[in-house]
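Chain lettering (A, B, C, D and E) follows the sequence in which the chains are written, and residue indices restart at 1 in each chain.
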């Protein structure tokens, strides 16, 4: 007969505001914008500046934390001790050592966190600047608020180390985006929003079911604990529940990354959303999804790699193949980009196909994914910057076809050079060395693990993707209308264009950054 | 000194070719004549120096080529064999160059400007190449000269390239000889692999000392034999030579009579020690030579074209030389002294060079006068151009082997060698002997026939006597001297010809047969027909004229299958290999279109994919653990 | 033996053309002709520098990597930007620089275009980088660098008389080769991850030590596939004829003279020395495909109607000899492969110049339209064509011959090809007869024959000057092969397992 | 004591019904009702699981003490999920209303023109619309 | 079988049945009302499982707010009050939906039955109360809780921004949106 046992929480969480700066700064900016709007509606420049300042502060925080180099944990539960009627603690299950258990931290500042946050903030700043003349112009307050909320969610997601934070952050990074899409407030915007909303809800359902199963199996929401429990080699029934939970969670996150078959919303939503928002979706939102997957699988569930690694391998090659095949015949620029982001998603997730029992292999895979993500985001921003500019100067607007680009190099040599370079970066062919190194980084773990079918299909997809990227580049240099008026470049757009181009160039020369983004251990 | 002479013999014609092309058009003839004259002087100097100072084995020319562990020295060598042949080649080349200056006078129209400059340079290049073959100290170097000769032959046969027949002949000549030349290339390859050297002296030494493996030796010799057969127009690679008569006559005299076609024989003579290690291969050579000898002589008998007649006679005569060297292994001549064994072949090579060049150049004059090469258009030369007829007759008598003309001595030396082999009891010796004797008869017949048609016959010439330019006549006299006086050489034979033994029995028989045959042919007009060949049944005439239809055999067995295969390949390239490549386009398009069908725009359908995907991967995931 | 100094030479050699390209790209005001002259000057300086580099390398010994320049680039991948020159790469660098000069010179008169010059210089820089790279990944990056400019050359300046054809040919070229090199990348990554280094010299020294036979075979298959596409090897060659046919003269020359060399260079530099055990398994297949290619392309040439296409197909046959030499895995064969590589570069470049000149005059490259009677109509061009054809058919005394002879010799004595070595050698030798047949057919149709009056002028002085260096190189290499063979003689032993001893 | 399986099966049933509701319904609002069911299923799963002692199923066989986790993760999470669902439904209904305003219908089958395979898809809807108006 | 179990079964049957009706009923208003019943019975289930606060929040947020929202939405979108066949997709869609629902439910149920089997748990009434929950949220789950407030705020902003009338056209000065 057991004596009554009770557990007592020890300590209250302390919040490290510096560690959380990348999350807090956008939130504060968001609140300030709302406040400003309440006081003096219709302010334009101040809210732009506040939003930008929030993002830059967050970026500064990331930079500080990166330079600081110290790994920080925050929002940690104090854990709890168990007392019984007898003296001394009860004997606990071996998997639940130490005596103070239930300990965990919701937020960890690590290389992974900072890398993802950096990428997210990079994309966010660019998208904010791009949007200033577009969707951001009419509904400044709403647009900036929602964008900042998304960013807060995405940065929190990168540091999230428990399933509750993960879920809430993921939702924070998703729901405001749907609002952003709907800001167009016309039939297409509504349709695009509905399409994404429905997929998001369905995915949320899958994610929550998965989390429920994981919790059922392990009794914890903290990823480190889940990892420990699963690493201890539980019984098969528990393992089955955990695997089902893991895979369902993956399915729930997949839509955010545009992983096939959770990708269907992508082209429709991109096409229906304002272009800068499409850029936002393809960079920040996707980065958030990737970080969710990385955190969940890499940190929480490495023990289940036997189940998810092959699945990710299959999904990744499926994703890139489907994305490339459909992209081949696209004529609308934004749709082509949408399908290309689908294909690129496959590349981002590809390294995880190689995850093995060793911690190192998981770290390698994560490094590959994040490195690829960085290259992808930078190149993507450059492409979108040009596409936004073209749309602004073209009669048929956002859904302009590729034919609009015919002969662009004659009238806008710089912009078309940037576009061509960025497309080659996406394709992974020199002079886009950045993309090539990214592909090397992504393929390396897969080759190392000798997952040949996946590796070979991925390699062949390089050529497949090249076909449509080059089709676009070819149009740029094709003879075309020389009489088109020159562009009037606005400063914000100029900054994005120049910055993204400089990023592509800089990362091509200093490809070290892509390969060495995650040097440390994974946590 | 010897080195310089040998180098000059090779380089002077080469320089003449280059300068002839690069300097003024009007200097072309001067360069050409100067080049070959220089080569002749150099060759004579070389001969005297070699005879006094002895051979020189290594004269640097093109440096060396390092292949893995082997070094191929691209050097020249000079000995009496090369010097003697060089003199002959340079002499004929000089005659031909002088002859050509006149022969091509007035050639060229507005639409086809004269090609004399290119022609003269090509002949100079050919001379250089032949000199290179003669002097090569290394098989690879020899191969270079060998093939450049082939190229020159191609260019010169195709000189009148506006004529379809000339184009076809040029291509045929090059392709057939090149087919044989694969043998030479592969022989080099085999020797590199098997003997570790391609130096001729080294190979001969190693062969003499039995250092080369039997397999390597036999393979190499067989392969070399293929090249010899091709270049020397022996059965079965002989069909290009008669066609090559489409080239200008001086070219026929130089390349297709006196020099290039005998290069094969020269090669065998040069590498006889190596050949002697593979007697079986030599026997095959002897068989081919015998077949060529008799067959070509028969074909010559019925030719209706003077130049083709001479071409077949060339095949037949070269076969003599080849047979002579091929019976070498069956002769019992002391310890197998290779120089002595090669001597009969070399002797016939030299004398044949002289009389055949004379014949061709004389025939060129005839053609010049008549304006046609068909025998039917000729006749009565004796009455219009008596000196030319005499010179032509000298050549023919040499060809027929009537004593005391040069051909008699060399031919009897060949028969002597064959008899020697026959006495040693080998079937090869007997075969060559029988074939040789039979060919003497045939040769006499067609030689006589040619003279009777050309010199006697009805006069078909224009009434105004046609004056031949001095430049065309002078070489004839120059060549007539050795044709007549070759026998004198045998009184004080140079070292290379020391091995000549003329058996009195065969000599007398041969001389008698030759005289009778010539006489019979010459007597033909008195019997009512100018052409003794008409005495043959019509069917036989056709077969012989057609040279036993061997050309058609080749066309059916080789040319047509190759072109059929090429057509198949082209179709397969497009419809099989490339089809897969082309199919990727439509395949990806169709795949993309099919995949696109899922993009219905219906939001719930997209959600459905989420659920389906989730269920599928969940099942898969659970199956994986 | 190994001196120091001159370490700046190779980086400058690589960066000079690239920088020149960048400058020309960035300055749009230059006239096209001036740009071409600037390109010629840059090419000339590159050629002089590469001559200097060749001299220094020769002076210090071809057998080892000289003029090494190293700097860290991507240390996370172990990627060092390191360059070096030895007997294998020196001739190729020289060839590349020479062709850069000649193509730019060609561009000063014919089809001048600033951006085309940019492409030429980029290809030059990329190719030199490939030939000198001492790091596997750097090799790959450089290998890929030439793709895009070449794609531009074909797609933009291609013969556009038929709508869409240039784009098609260019796309086919770039997609085919990119697919191949992506597969090769897998092999390269495999080697790097298994050995832990991407330093080529280091890897060559190890000679496959530490790699299991299976790994080596897998890596060799992957790498060889990628390189075989580029080479190209039958049956992966079908991108080449359309690319050559459509490309402008400049493009064809670069394609034949520079791009195709990258593939075979990779085989010699990477596949053979680093993965000897793997290549031992792959070699018979490689040899088989090579020989098939020789015969196949030769037969296809026999009935081909388009001259440019024919020259392109003949390249497949030539490269077949190169591949056969590589597959033989003997010093002789490798030397032959390297020699044939250079020879093919020179001769094909010459032929494409000639064909380009003919095409400019006749606006067609169809044999029937070009001919007949070139020897009378355009004697200079006619003789240049004849020279090219004669060189192409492998006439001894001209450059191509040595490569073919040595490749066949290598195959004959190869133990790596197993039982098939001698049959392969014989078939390959027979292939030279087919080569003779189709070249003579070309001459018969084009050069010979009765001319039709009133067509096109003969080669201009400018054209002759452009082609003459190639003619001289062909003759020089053919008559005096010693230097080039000497350059490779020592180094191929280091590239082969066991010093290339032939049992 | 209560069987754990009961709530879990109920959660499964509700999840299945939710999925059916999301997929079968044409009316967007009703689709949202299905979504609510799905989310509630997840919630039920969490709450049911939180009745297990600390360590979840994995610790069930090993634990000698039935220690409850004082962090109560399951129930806390359930509360979060309810809140998320509320936020979600708020935005969703706003968008549905927007759709209704723009199109006059909330039937999902009526708004498909963004899908590439749908009958009403055009590559340049802007110009198409401009022509239509 | 304890009393709790009986209670649970009753609630479960009610919840399941009302859930089924909520997704199948041809009348829109009925759907909403059945949803209320379903969610209410779930609240009961939560109570049975000892999660008092969750049950309370369920009633407050769902039944109180969400369902009202839904009903408003139905009214605003002029949903038909009468039974309408147009509420559902075509039969094929329904069939597919049924299959998907069955698959999801089946796979979940199957997994859980396999893993949980006959495990019984002790329901502790004290744990789900306000104090422990409050303590837990503010000690362990502070960060998600705070983040949730951001989410709610953003959702609010989004809902308001989306449902505002479209801005008048003259603000479209760039010709972009």
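Rule of thumb we're sticking to: a contact is a pair of C-beta atoms (placed from the backbone, for glycine too) under 8 Å apart; a residue touches a chain by one contact, two chains touch by 3 or more.
Keep in mind it's a predicted model, so treat the numbers as computed, not measured.
A.B. asks: For the pairs B-D and A-C, output the one whose chains share more C-beta pairs in contact.
C.D. replies: If we tally the contacting C-beta pairs, A-C comes out ahead.
A.B. asks: By C-alpha centroids, what is the most central chain here?
C.D. replies: Taking the mean of C-alpha atoms per chain, the most central one is C.
A.B. asks: Please identify which chain has its centre, taken as the mean of its CA atoms, farthest from the centre of chain B.
C.D. replies: It is E whose centre lies farthest from that of chain B.
A.B. asks: Can you give the whole-Å distance between the Cα centres of chain D and chain E?
C.D. replies: The separation of the two C-alpha centroids amounts to 7 Å.
A.B. asks: Report, in whole Å, the distance between the mean C-alpha point of chain A and the mean C-alpha point of chain B.
C.D. replies: 78
A.B. asks: What is the distance, in whole Å, between the centres of chain C and chain D, each centre taken as the mean of its C-alpha atoms?
C.D. replies: Distance between chain centres: 61 Å.
A.B. asks: Suppose each chain is reduced to the average of its Cα coordinates; what separation in Å results between chain B and chain E?
C.D. replies: 100
A.B. asks: For chain D, which residues are shared contacts with two or more other chains?
C.D. replies: 8, 11, 15, 18-19, 22-25, 28, 31-32, 43, 48, 50, 52, 57, 66, 68, 70-71, 73, 76, 80, 84, 87-88, 91, 94-96, 98, 108-109, 111, 113-116
A.B. asks: Multi-chain contacts only, two chains or more: what residues does chain A have there?
C.D. replies: Residues 9, 77, 102, 164, 167-168, 171, 175, 178-179, 182, 185-186, 191, 193-195, 197-198, 201-202, 209, 213, 216-217, 237-238, 240-241, 244, 267-268, 326, 397-398, 467 of chain A each touch two or more of the other chains.
A.B. asks: Out of chain E, which residues touch more than one other chain, so two or more?
C.D. replies: Correct list: 89, 93, 96-97, 100, 104, 107-108, 111-112, 115-117, 135-136, 139-141, 144, 148, 151, 154-155, 158-160, 162.
A.B. asks: Could you run through all the chain pairs that touch each other?
C.D. replies: Touching chain pairs, listed by label, come out as A-B, A-C, A-D, A-E, B-C, B-D, B-E, D-E.
A.B. asks: Once bound in the complex, which stretches of chain C touch chain A?
C.D. replies: The touching residues are 28, 73-77, 79, 126, 137, 140-142, 144-145, 147-148, 151-152, 155-156, 167, 170-171, 174-176, 178-179, 182-183, 185-186, 189-190, 192-193, 218.
A.B. asks: Within their complex, state which residues of chain D touch chain E.
C.D. replies: Residue list for chain D touching chain E: 1-30, 32-34, 36-37, 40, 43-44, 47-48, 50-52, 57, 60, 66, 68, 70-73, 75-76, 78-80, 82-91, 93-98, 100, 106-107, 109.
A.B. asks: Quick check: in the complex, which residue numbers of chain D touch chain A?
C.D. replies: Interface residues on the chain D side: 8, 11, 15, 18-19, 22, 28, 31-32, 35, 38-39, 41-43, 45-46, 48-50, 52-59, 61-71, 73-74, 76-77, 80-81, 84, 87-88, 91-92, 94-96, 98-99, 102-103, 108, 111, 113-116, 123-127.
A.B. asks: Using the touch rule from the top, collect the residues of chain B that touch chain E in their complex.
C.D. replies: Going by the criterion above, the answer is residues 604, 608, 611-612, 614-615, 618-619, 622.
A.B. asks: Mind listing the chain E positions that touch chain B in their complex?
C.D. replies: The touching residues are 89, 93, 96-97, 100, 103-104, 107, 111.
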